[in-house]
Amino acid sequence: MPKRNIETFIGCDKRYDEANTVIFGAPLDTTTSFRPGTRFASRAIRAESFGIETYSPYQDSDLTDLSVFDGGDLELPFGNPAEALRMIEEYTKTLMSENKLPVMIGGEHLVTLGAVRAAAERYKNLHIIHFDAHCDLRDDYLGEKLSHATVMRRIQELVGDNRIYQFGIRSGDKEEFLWGKGRIITNKFGFSGLADTIEKLKGENVYFSIDLDILDPSIFPGTGTPEAGGVFFAELLEAILCVCRLNIVGCDITELSPVYDQSGASTMVACKILRELLLALKNGF
Amino acid sequence: MPKRNIETFIGCDKRYDEANTVIFGAPLDTTTSFRPGTRFASRAIRAESFGIETYSPYQDSDLTDLSVFDGGDLELPFGNPAEALRMIEEYTKTLMSENKLPVMIGGEHLVTLGAVRAAAERYKNLHIIHFDAHCDLRDDYLGEKLSHATVMRRIQELVGDNRIYQFGIRSGDKEEFLWGKGRIITNKFGFSGLADTIEKLKGENVYFSIDLDILDPSIFPGTGTPEAGGVFFAELLEAILCVCRLNIVGCDITELSPVYDQSGASTMVACKILRELLLALKNGF
Amino acid sequence: MPKRNIETFIGCDKRYDEANTVIFGAPLDTTTSFRPGTRFASRAIRAESFGIETYSPYQDSDLTDLSVFDGGDLELPFGNPAEALRMIEEYTKTLMSENKLPVMIGGEHLVTLGAVRAAAERYKNLHIIHFDAHCDLRDDYLGEKLSHATVMRRIQELVGDNRIYQFGIRSGDKEEFLWGKGRIITNKFGFSGLADTIEKLKGENVYFSIDLDILDPSIFPGTGTPEAGGVFFAELLEAILCVCRLNIVGCDITELSPVYDQSGASTMVACKILRELLLALKNGF
Amino acid sequence: MPKRNIETFIGCDKRYDEANTVIFGAPLDTTTSFRPGTRFASRAIRAESFGIETYSPYQDSDLTDLSVFDGGDLELPFGNPAEALRMIEEYTKTLMSENKLPVMIGGEHLVTLGAVRAAAERYKNLHIIHFDAHCDLRDDYLGEKLSHATVMRRIQELVGDNRIYQFGIRSGDKEEFLWGKGRIITNKFGFSGLADTIEKLKGENVYFSIDLDILDPSIFPGTGTPEAGGVFFAELLEAILCVCRLNIVGCDITELSPVYDQSGASTMVACKILRELLLALKNGF
Amino acid sequence: MPKRNIETFIGCDKRYDEANTVIFGAPLDTTTSFRPGTRFASRAIRAESFGIETYSPYQDSDLTDLSVFDGGDLELPFGNPAEALRMIEEYTKTLMSENKLPVMIGGEHLVTLGAVRAAAERYKNLHIIHFDAHCDLRDDYLGEKLSHATVMRRIQELVGDNRIYQFGIRSGDKEEFLWGKGRIITNKFGFSGLADTIEKLKGENVYFSIDLDILDPSIFPGTGTPEAGGVFFAELLEAILCVCRLNIVGCDITELSPVYDQSGASTMVACKILRELLLALKNGF
Amino acid sequence: MPKRNIETFIGCDKRYDEANTVIFGAPLDTTTSFRPGTRFASRAIRAESFGIETYSPYQDSDLTDLSVFDGGDLELPFGNPAEALRMIEEYTKTLMSENKLPVMIGGEHLVTLGAVRAAAERYKNLHIIHFDAHCDLRDDYLGEKLSHATVMRRIQELVGDNRIYQFGIRSGDKEEFLWGKGRIITNKFGFSGLADTIEKLKGENVYFSIDLDILDPSIFPGTGTPEAGGVFFAELLEAILCVCRLNIVGCDITELSPVYDQSGASTMVACKILRELLLALKNGF
């Protein structure tokens, strides 16, 4: 009998009940202030994932050996970020309560707040490792408290001082950097300081958020706010492998914007990062 | 002394105090459910307007003979449509109170609600002429009351039954058409019925809203939701000239999305429509 | 429990056993001689179908009232058109044997041969209605017998003389037109002659093949070989509604090439045609 | 022995000495005021011409039966329109002196001046038939006398009053239209008046210049200054067939700009127009 | 009262009389021999500059603390490079005479000649630091003396031997390199030799010209002639900070071509370079 | 007398009989499994080659000093890879028998098999140096033995164990890597091991195949399957110069896909690689 058209990220076709990891899309870009379009990321990542292999020669490991369920995309409302965050939080909570590791595909970076709310409720003393070009520490953006530009400020209010470790940061306004001092551990430009952070956070519960614009726009132009001077692919890959040795309780990749990716190369980078992330998480979960 | 870089729609460079018409941009696309990008429309229209002439051979009339001020774009918040509408309403009110005719460039179609609120407060018995591919009559969209897909429903609540005259409509869900019966005068597919409407509304105050996707996607592909089977340019031009014989108290053009307009032809169509609209309004105001 | 990510054409989410119509993709473009890319059509049509409504104001009818199953895409080999056709034929046969109406989404036009083979085996005296810009009547193309440019020649060999009715034809080499005389009923440029054909074929079994490049490139530029001078959308829609009054035993739409459709408007046209086709077929099956 | 890579417009592969018609490219866009790029037109037309057939079902005639030589592109300097025009004039003169009909592919419309200079020297009482969206009658453009926007003014100075017949004109500044009165026969918007013109010019020597932006941007978006409200393909085709019944001593097609033609459909339109033009000229020369 | 629509590079909104630095656009691409389009650079840079911050974490410094006036774009003629250069020279002279530092945004690289003429008249013993992929030392290009490919040859004629220091050069014809020996200090491929040059030119008056195609096309594809093997962003940034310790009397950035920058990343790179350049110049002026 | 339009790669305009090197295109992409389009590569490379110089400052050497004939493109059938390979083999044989070095421009990587068949017949003990992101060692792809994904497996069957040296490999399925052990010398990720290989193969006959997707997608996004983590341009250039010190009996560059190269930068990279390759081969042949 002809089969239904099920679309998943490559190699992630396990049933929900047999999976220990769940990927899902959060197609939100409602607060994007510059160029919207990240809502199309999760769908593009699934479609283009058939351009990569399930096997990683970096980790000598294969997605088909994992147990990952692809839950598709949440159906988020338009123009109501508060409600969208509530839905993301609820979905993440469900996964956590059923012992599935949530791996969210944004959307804009604001979606991280929904997932971190769920994680912070479940895991005391939660730490955040945050890869990004932008520090995202404003108090509001044109008056709005919920914004891609304020997401780490909101998360700081949730988890407290010195719980957020930022890497790759190369953009922000002066006030953000000033406010962050003593509250946020910001490592500018790249990954110096990462080894120490990994050492320090051993045994702790960590939420891992990757804004893909940490990458240099040469390899990742397909994003709303490309910011030159970023890290190269090999650096990011190595950093992800390091972080995944920690006890990761949730993670996300955000800010791919396929409409600005005419060559498709940015989407393919996101696919490869997601594959490597899933493989690296396997051992830690 | 070197001059500042003032950018206006071509031929619309009068001072505010000497102008009787004001164009301004409302770069909102926060509730767009399919493909965002109309926030870039007003800026693109200004930039590309230098590809057309100020003179219209259709009306034998010239923009440089009018008194139009270009107020630039409102700075609207992201992810908060209620606040954005409040700002549009307030700006429109100011213009009306100073006897300037407001001509708004969207943005998504929801922006019309802000301007109509101002118009409905000032002008009793307001009528709406609405050119569009979509009827925009839902009660909510994924739970949200403020949406491009609900804008005419919200306006109906404001102006009452049989005050909205729709033309060109060729898309909607079944419920919208059913609900509209007896409340909205919907003319499907084209402009049949327009002559009668013009006749009937003579002397009335009319707000004129043009969703540019009323045009066939062959001539206007650069929009979020292109819908085949639309009207051709010559038909739209003629219809606009007809409507502008009425007493127009405010108007808008919406839904150009430059990111889907690789050739630039859609933006140029919007420029030409705006020129013809401004020239046609001259006599009626 | 989180659900799997099932992707279907909008409104076509019935189960296989309850469906009387089955849509499926045949992502083949291996013999495309000019610009390949139609392999991406079925996927794009599903993804973009959420930009249209399930309801048609043309037919006052709704996809959600039909029973359509979306079987996804066949997994066809690359560089082996003979084997690909065999798989299409087999799948179509299965559907026909279980009393499902097959509606195939190409791919290049060669895919029609696979479906017609299945239809010709099951239905004696099969007739073909063929909408296209190109007559596709070559005997071979650079030596190859199986080609998008030879597909109607191969079908003629299968169904015999005067069984193929072509409409909209405006391109071919001299020999194709000469060979076709007395063998193929070719109606050049548009739909003149369609009413007579409908009259004549009442009660007969008809396979209906729509190469979307019958449309003028103004409304359908996103195809491998755009050919100016085509029919407009309203004409095609009306012609489809006429043909669907016949006893259609199978049909297809082919030759959308999303990579040449930067605005997305061509894909949206294909979506709307598919919706109208499915609704129009409902009464005839 | 392996052959050299000779590239011609499809079906135009005769030797120079056996040809009675010569096509050549004039890749000039140095005075383009809005969006440059027409320099790439002739090359794109040759490359994409293999997407059309040599046979025309409109004229039941085949390019392979003609004797056309493709001379490639002139190597014009950059930033020196006077010298470029001199080179075009010289090349055209050579062709005329050897009894070859010149068919030039622009480039911007200014190139026509070079060819007309050659024609006006050779043929007394030369008339011009000019298809265009723009009247091109300015005296100067930002101070420059040689410009795409002044080309018909310069030609008028060469051939005198009432020798230029314009069709399709829908853009210009007020002064151009005023100046044209009594000097230029301008037919606005379309081809009304063409039959009379053909009648009147029978037996006269006519240079025929087609600015492809006479076409509506729906079918021809790939041009520097798309101007809505143009003629459709079928209208243009018919008009060309009419004009070619006259004694054409030279002709050109100009203003394709491939960089704004993502779908390639505009280039294909230019190819088809060129094929039909060459076939239609056959009988008249 | 509603305000006029003034558009400036982000953070550069000071009045002319209070400014010590003036940025202005020179939208010239009339001699571009390969792919035109740099005329759109200054406008794109202004529009997209709102995607970066005014604050630089590299220099811990903010554009809002500077005094920069944005003079918009010069209105240059088309097809007359000599006149365009005269206008650039005149504008630059005016700025210099009123003690404003000129920062020009090209346009093709030829624009530098206009500004250097003004600088060379005012400052004796002027030196040029020239960042570029191409040496630009031809004597003429297809016969033309004024060309993007000859600009450094013309400047050499103005300032004399061994006054021009080139870095990053990786393209030119053989004759250019040969001619340059003993006349131009050419540092191939990168910035080796820069430290020595800085040391040597301390206290001298220096004009600083940055052709952005010195960058590798991976990070800066949006230019007319992308040339692989260029410098990376971090290298260019560091080099700019070094050069700005000298006594810079004028500078420019040239050769961004937005039409080849689908992702927008190249334009954003140009914005970031301009921000860092303005901040670095602050201390030296 | 006007000249024919001969198009060659820049500087490669020698006659066949005087040439010792022949470049030719093999526009095949019929087995491409992900995104087709490499058929357009050779044409694009010729057209865009005029954006580079004939002179290399890396090798201080000039194409105009070589003797290279450009044979244009083979006319390969569509959908029949076996026949296409036969034609490539035959053409290559002809060149080799007339003592011309073949330099083939793909097309997909499968084309290499045709050329290697010719080389393996002529040269005993042939070795292959293979630059690529993908190991291309599958036994079949969806049942097909002839595929871009199986090409090195087929070549191994031809030349035997330990004759193929791969560099830059970073993608494949698990089985490919396992099968390759003991049969293929695979150097993952980059060029470590190249110096030893060069040393070892001195004096041997070597076919050199460059799949351009060995490059990082940052510099070469315009390919069907961009794979992050590749080598940079400078690394590839250096590696090519090394390999060309060997006795190269044939070579190719493959997998440029111009349709995914909106900026044109990937095509320019291919042009530059081809120039450097031709110059480097000069000494070795």
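For this structure, a couple of remarks:
Chains here go by letter, A, B, C, D, E and F, matching the order in which they are written, and residues are numbered from 1 within each.
The criterion applied here is as follows: contacts are C-beta pairs under 8 Å (C-beta built on N, C-alpha and C of every residue); 3 or more make two chains touch, one makes a residue touch a chain.
Every value quoted in this text rests on a predicted model; they were computed, and no experiment measured them.
Where touching is counted per the definition, the chains common to chain A and chain F are C, E.
Taking the definition of touch as given, a chain qualifies here only if it contacts chain A and chain C alike; those chains are B, F.
Between chain B and chain C, the superposing rotation on Cα atoms measures out at 120°, rounded to the nearest 5.
Residues touching across the chain D and chain F pair largely coincide in numbering: over half of the numbers involved belong to both copies. Once the centre of each chain is set as its mean CA position, chain C and chain F turn out to be 39 Å apart.
With centres set at the average Cα position, the gap from chain C to chain E is 55 Å.
Shared contact sites, meaning residues of chain D that touch two or more other chains, fall at 35, 216, 218-219, 262. Shown here, the protein chains touch in an arrangement that is not a line, ring, star or fully connected set. According to the touch criterion at the top of this document, the contacting chain pairs are A-B, A-C, A-E, A-F, B-C, B-D, B-E, C-D, C-F, D-E, D-F, E-F. Taken together, the chain D residues at the contact with chain B in this complex read 34-35, 169-174, 177, 188-189, 216-219, 221-222, 225-229, 260-262, 266. Residues 29-33, 35-37, 39, 75-81, 83, 141-144, 146-147, 259 of chain B touch chain A in their complex. Note for the complex: chain A touches chain F at residues 50-55, 57-58, 62, 216, 218-219, 233-234, 237, 262-265, 268-269, 272. Within the complex formed with chain A, the residues of chain C that make contact are 1-8, 16-17, 22, 24, 43, 46-47, 69-73, 91, 94-95.
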